[in-house]
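First chain A sits with chain B, and in the next complex the same chain sits with chain C.
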Partner chain A sequence: MTTSHSGSARHKERLDSVAEDVLRNVRFNRGFILWMGFLSAVLLVCLYAYVIQLRKGLGVTGLRDITSWGMYISQFVFFVATSLIGMLISSVLGLIGYKWVKPIARIAEIIAVAFAAVAGLVIISDMGRPDRFTYLFMYGRIQSPILWDVTVVTTYLLVSLMLWFIPLVPDLAIAKDRLEGRPKLLVKVYEILSIKWVNHPKQVEILNSTIRILLILIVPLAFAIHTVTSWLFALTPRAGWDSSIFGPYFISGAFVSGTAAVIIAMYFYRKSYKLEKYLTDFHFEKIGRVLALVSIVYIYFNINEFLVPAYKMKALDSIHLQELFSGEYALLFWGVQLFGLLIPTILLLFRQFRKPLPMMVIALFVLAGSWLKRILIVVPPQAHPFLPVQNVPIQWVIYKPTLIESLVTLATLILVLMIITILSKLFPVLPIQELAEEENADLEKQEFNN
Partner chain B sequence: MRSFFLVILTSLLLLPELKAQEWVVPDDKKGKLSTFSFDDNTRKAGLKIYTTNCMSCHGMPGKGNSLKLVPPPPDPVSQQFQKNSDGELFFKLQIGRGQMPSFKNVLSTDDIWDVISYVRSFNTNYKQLIMPVITSSAYPGSVIKMVLSYNQADSSVILETSAVKGLSSVPVTDAAVKLFVHRTFGLLPVDEEKTTDKNGKAVFKIPHSLPGDTAGNINVSARFTNEDVFGAVSMDTVLNSAIKGTAVSLVARRAIWNNMKNAPVWILLTYIIGLFTALAFIGLVLMKLRDVFIIGDTLSKGGENEVNN
Partner chain C sequence: MTWQFFKQIPMSEKKKKEVPEDSKLDDIVESSRRDFLKKVGIVGAASVTGAAAIYAGYRHEKEKPSGEMVKVLTEDNRLVEIPKEQVKDYKPDLKALQTRGRVGLKGKKWVMVLDLSKCRNARKCVAACQGAHHLRPYEYHINTLVMQESHNTPAYYMPKTCQHCDNPPCVSVCPVDATFKRQDGIVLIDNERCIGCRFCMAACPYSARMFHWQKPKGEEADKGQEYNIELNVPQKKGTISKCLFSADRLREGMLPYCVSACPNGVFYFGDENENAVTNGTTKETVILSELLEKNGAYRLMPELGTKPRVYYLPPKNRIFEFKQWTPPEYIETT
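So, the complex of A and B:
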């Protein structure tokens, strides 16, 4: 009896301290207002660029008859890829039983939600007549991967949102009584969203089973979303896209960019939110290993994707591959492969580099490399279609993104940052309830420290 | 720097090509001439053929937008091109070399002359020389004629040839002849090469499986194999000899490319089952959230016992 009492007292104490640390950041301080103000100002400039595109048409971009998919579609692929991380962290690693993913899981879900939500908007930015967007649902063909893509992206967004929200419910209930000095409206929102949570054993049981259902559901969905995205390319016979391993190639690449995004976010939350106690070197060490592992898998797929056609050098493949290996795109291609993948992977094999700061720098390189890699996947294969390019001006053949196009692309990234900021400023970024109960994770951590 | 190496590399690779740059036409072919004079009609026909068969590599004449191949396909307006004699152009178009394809089985003799007539329209210094009469070395002074007829009974095509000189006419004997069928992208040889008999006749078998248009018509051409001996004589005709083309509409059946109503069943099923499974799970999750709410709501109203039961 006494032990149970002291146990629950210790739990209460721990809950209080975790709640205080995490909820400290749920406020609209000056940093938040300045940051959002800066993002809004940049967004306004970018939106003006979009207005120009809307009024004058896609001619203001570098997209032409030959290369009709450029930065926008690359950005879309990058966003879908990065959003896949929600599935890897909470679902795959979580279901295996790794306790260390607990404080990271919600960060991964925030990233998943933000990138998946804006991915759809990126597609609209690529449309010359966005007012006809609804035609997709009215006249869309079920045989088209584009319709499948819209379906899975929407479903994935919905389930990711649920996977962010449902584990948050107990925290909302904990937090709603500890929000002194915050706007009344925010407290009210917490009240409603906590759906009368009182931590009753029956509620806990239902919630846990619900989360389990979602964690399983998200796995096929995440595979579907990015495989279908790869099929937008691989279901055409175009040299460079006509690959039977595009699905796994895309998915393995997605884990790389997503893990890098999570590392950057972790580093930022740790520093700016002063969460060193919860996002420890131990967590960085672990996620660093994950990044090394998924990068090695991605390197393997890269070798397969390029070596197999390069060995055969079929007529049209060879034009495309030589453009990448020694032609127009050689600098970008080798730069991305070396500095965005190979060197980061080698560095991550050493323990010294799996510390927060060096890993954040490595992750920045990996993320930038991932973005450029999407350009390399989307753009070069279009320059060499099966029908000879003839009687067109040279600037129609060579794709050069314009300033307007770059600004509109930037706008979508700004939107992602805004969603991430809002989600992590209005709601706790770490799972309070789970961290308070985190006895097992402590054990793991002790082993690590010894 | 990179482009410098590329230039070196390509030059090395191209050395054998450069050596073969000179395209020598046999002397006896150089003087070959068209049997008809070039006029607006032939130029118009030539433009059409040029657009379909030549422009993809040689570009628009005078625009200098030919494909960057090795050796480069010359612009028809260029000096390099126009300095060829009619016979040389004819030979090059008909035989081809390297990446320049042979049009022997694609274009008839007249077609090739039409193209040459179009191409010559860009050369203001050009004066056409016409071969005076269609004659042959075998039948001097005669005009060679061909007649095609169709024998339904054994589905064969009979070719009758004759050399006409004034009012007299003699059969052309021991001449090698070929029969072609017009297909979408060129001429398809049918049966084997035949030699005309003592009556000037040759019989070609039409395969039963040969599809024609929806009315069962096929367009056939007969030609002498040796044009130098017999002159450029050929004959086109339409024969009702083939099986009727069963042109099934491409959208008649369920297919990937069809509209949504006629989508393949497997796609419909996969999509619908996949979507509804996901939606069912999402619905289930929402129901469970509702349960959580109801428990909390009941508890807040003091219904501890209700919940525990």
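So, the complex of A and C:
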């Protein structure tokens, strides 16, 4: 990771140039203020929708006794899924020794932190009695998967936050003297957060070993959070949820949506932060291959998840599958599978599609498809329970999300965007110190030339 | 207690109960007189003028024992004697209701048997239940469903309650111990505890649970009433509600609301430990094991391993024709 080259003049030169390029974006400029203002305005409208829900009850949503989990739970699953990318990029790929992940690792951690932080709030939006949230800690029963979920999601959030912050410390120390013209408060924050970093070899040693421990720790944690999330469904006997591969099915899907999110973020920072020098075509080429790989794995799990029950056509499974293949949800199902997964995967196999712009477009489709896929996982299995649905109001039978519900769901997405914006606008989005290390720079060039 | 656990209260007696007894009226008069004297007493003590006499009168009044004693049976079956003026009507507070509600009735193992050959879909069980638990016409603790296994097997009606499983999936997944299994076999829901996550609804294969999506029907009427976990009234917005086997009625030695409301003799209810169940319509008590054995009883979805406490007798030899029922159009009301 960080090795001391303080004596080298070339290193100093390179550090200056990297720091300038990266820190150029750390500022309260007009774009930032307008964007945050816009997000806040929309958030206020959405919060008003939540106030209505609080007052009148969950009846303002499309949820009813038949389909009692809908958009909120889907959003929760989607958020937990997307946050898993922090683990894949910095930990799995980083520990294997891929150097090209270095400039992307922090972006992945930012996404992990933002999505994991808001996932808990999504759950609260789905609660009938959010005022009793603390009961989970006062009366929690360990055999309930919800307890497992709360435990692992909070732990994952904390470790992800540390994995964002600890590698940031040297950068904060570098940056604190280079923030002319920024608000004094920001400089002060940098000074405090850089916790007296002077790049002493002892400090470097502690930093590196801490990061290493966290990178190893986060692997089982990330697997745990999404496996447990899949168990919220798989531990019930309902057709469509009652699946023994739900854990790996969810994890493989999580990598798809997370990688897509990272690609979109990379493209955005490259363009609007003018970081073409650091987020190069080479990096897009590499992450494109990752997306292709995880998508292929996900397709494999999809085949297992749908083909195996479809072959047997057990009574309730067959109703569920017919709804997906040719019934109520057919359009959504085939749209998601084709445009959100299959076609993007095929395109990504070709080199010309692994360029920044086409990749960004593909990633948008994949991300939207991932979100809709969560709806398909959560909603349809509830429509046909074991016993017939009878003698209820007609609108209870088919779930249709309402405007209020959609606004509350949007609120959580806005919170994610706000966290991402703050973390990437007020702090360096690329690791300055690491990028300034010449050996890496050379290595990257070499790799790219090959 | 014997097979006659369930009181069969004649109508005349029921009516009598509703009229306040004379002695009660006396109590009310007595206590208001004392309240008055007490107030006067306080004023008297505070003033300097000659109110001392009244105060003394009050003291005398308070301390004077009437000498009358009454015999009272305590909870642990001891017969004791206490002065008459110390007798107060027992009204359990929330804590007492919650404690006894979570423990259940000692030594009992409640069980329900439904004879489907007798169900004509009168839906009196549904109405009685909704009346007792303050539910809307489309909010169910019990619902009668039209069942048909395949197109060439006959259709029949099946009243469906909570199955009060001995291995309840809902209880396993509840994160806060809001829904729980009592020692007498009943699965209850505590709406003072429920956080409204609806995991229990997702886990229940019998769709036995309902959620208060909006403010409950009886919210205004039930305001101020102490929450009785065994009746689940007052119902609460944002929490789960479900069939309780009428735990409040069982505590009073009576049959559940649905059971006694059925006009067609569908329901049997009783204690598995006593091996006896009573028919809610005929009030006839029969041997549980014989009833199950002779009629080919079954439980719903035994393959799921939930071990329901509700048994069904198949709809064979029906003495009436199956009439297809068209449900009214249920419209959500606030």
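By our rule, the second predicted complex is superposed on the first by the 435 of 450 C-alpha atoms of A that agree within 3 Å, B and C clash if a C-alpha of one lies under 4 Å from a C-alpha of the other, contacts with A are read in each partner's own complex, and residues count from 1 in each chain.
FYI, a contact is a pair of C-beta atoms (placed from the backbone, for glycine too) under 8 Å apart; a residue touches a chain by one contact, two chains touch by 3 or more.
Here the structure is a predicted model, which is why all the values come from computation and not from measurement.
Visitor: Determine, for the superposed arrangement built on chain A, whether chain B and chain C clash or fit.
Guide: Once both complexes are aligned on chain A, chain B and chain C clash.
Visitor: Name the chain, either chain B or chain C, that contacts more residues of chain A.
Guide: Greater contact footprint in residues on chain A: C.
Visitor: When the two structures are overlaid on chain A, which partner does A:Leu217 contact: first (chain B), second (chain C), both, or neither?
Guide: first
Visitor: In the superposed arrangement, does A:Leu136 touch chain B (first), chain C (second), both or neither?
Guide: Touch partner of A:Leu136: chain C, not chain B.
Visitor: Of the partners chain B and chain C, which touch A:Trp197 in the superposed model: first, second, both, neither?
Guide: The first partner, chain B, only.
Visitor: According to the stated criteria, A:Thr151 is in contact with first (chain B), second (chain C), both, or neither; which is it?
Guide: A:Thr151: touches chain B, not chain C.
Visitor: Considering only touches as defined above, state whether A:Gln390 meets chain B (first), chain C (second), both or neither.
Guide: A:Gln390: touches chain B and chain C.
Visitor: Per the contact definition in the header, classify A:Ser295: touching chain B only (first), chain C only (second), both, or neither.
Guide: In the superposition, A:Ser295 contacts neither chain B nor chain C.
Visitor: Looking at the overlay, does A:Gly57 come into contact with chain B only (first), chain C only (second), both, or neither?
Guide: The second partner, chain C, only.
Visitor: Clash-wise, after the superposition, say which stretch of chain B runs into chain C: 23-31, 41-49 or 131-139.
Guide: 41-49
Visitor: Overlap the chain B and chain C contact sets on chain A and report the shared residues.
Guide: 140-141, 143, 388, 390-391
Visitor: Along chain A, where are the residues that touch chain C in the complex?
Guide: Those residues of chain A that touch chain C are 56-59, 63-66, 68-69, 123, 126-129, 132-133, 135-136, 138-141, 143-147, 150, 232-233, 235-238, 382, 385-396.
Visitor: Which part of chain A faces chain B closely enough to touch in the complex?
Guide: 140-143, 148, 151, 155, 158-159, 162, 166, 169, 195-198, 200, 202-203, 206-207, 209-210, 213-214, 217, 221, 224, 326, 330, 388, 390-391
Visitor: Going by the contact rule at the top, pick out the chain C residues touching chain A in the complex.
Guide: Listed in rising order, the residues of chain C that touch chain A are 138, 140, 143-147, 160, 169, 172-178, 193-199, 201-203, 205-207, 209-215, 237-240, 300-301, 304, 327, 329-332.
Visitor: So in the complex, which bits of chain B are touching chain A?
Guide: 2, 6, 55-57, 59-60, 63, 65, 67, 256-260, 263-264, 267-268, 271, 274-275, 278-279, 281-282, 284-285, 288-289, 291-293, 295-297, 299-300, 307
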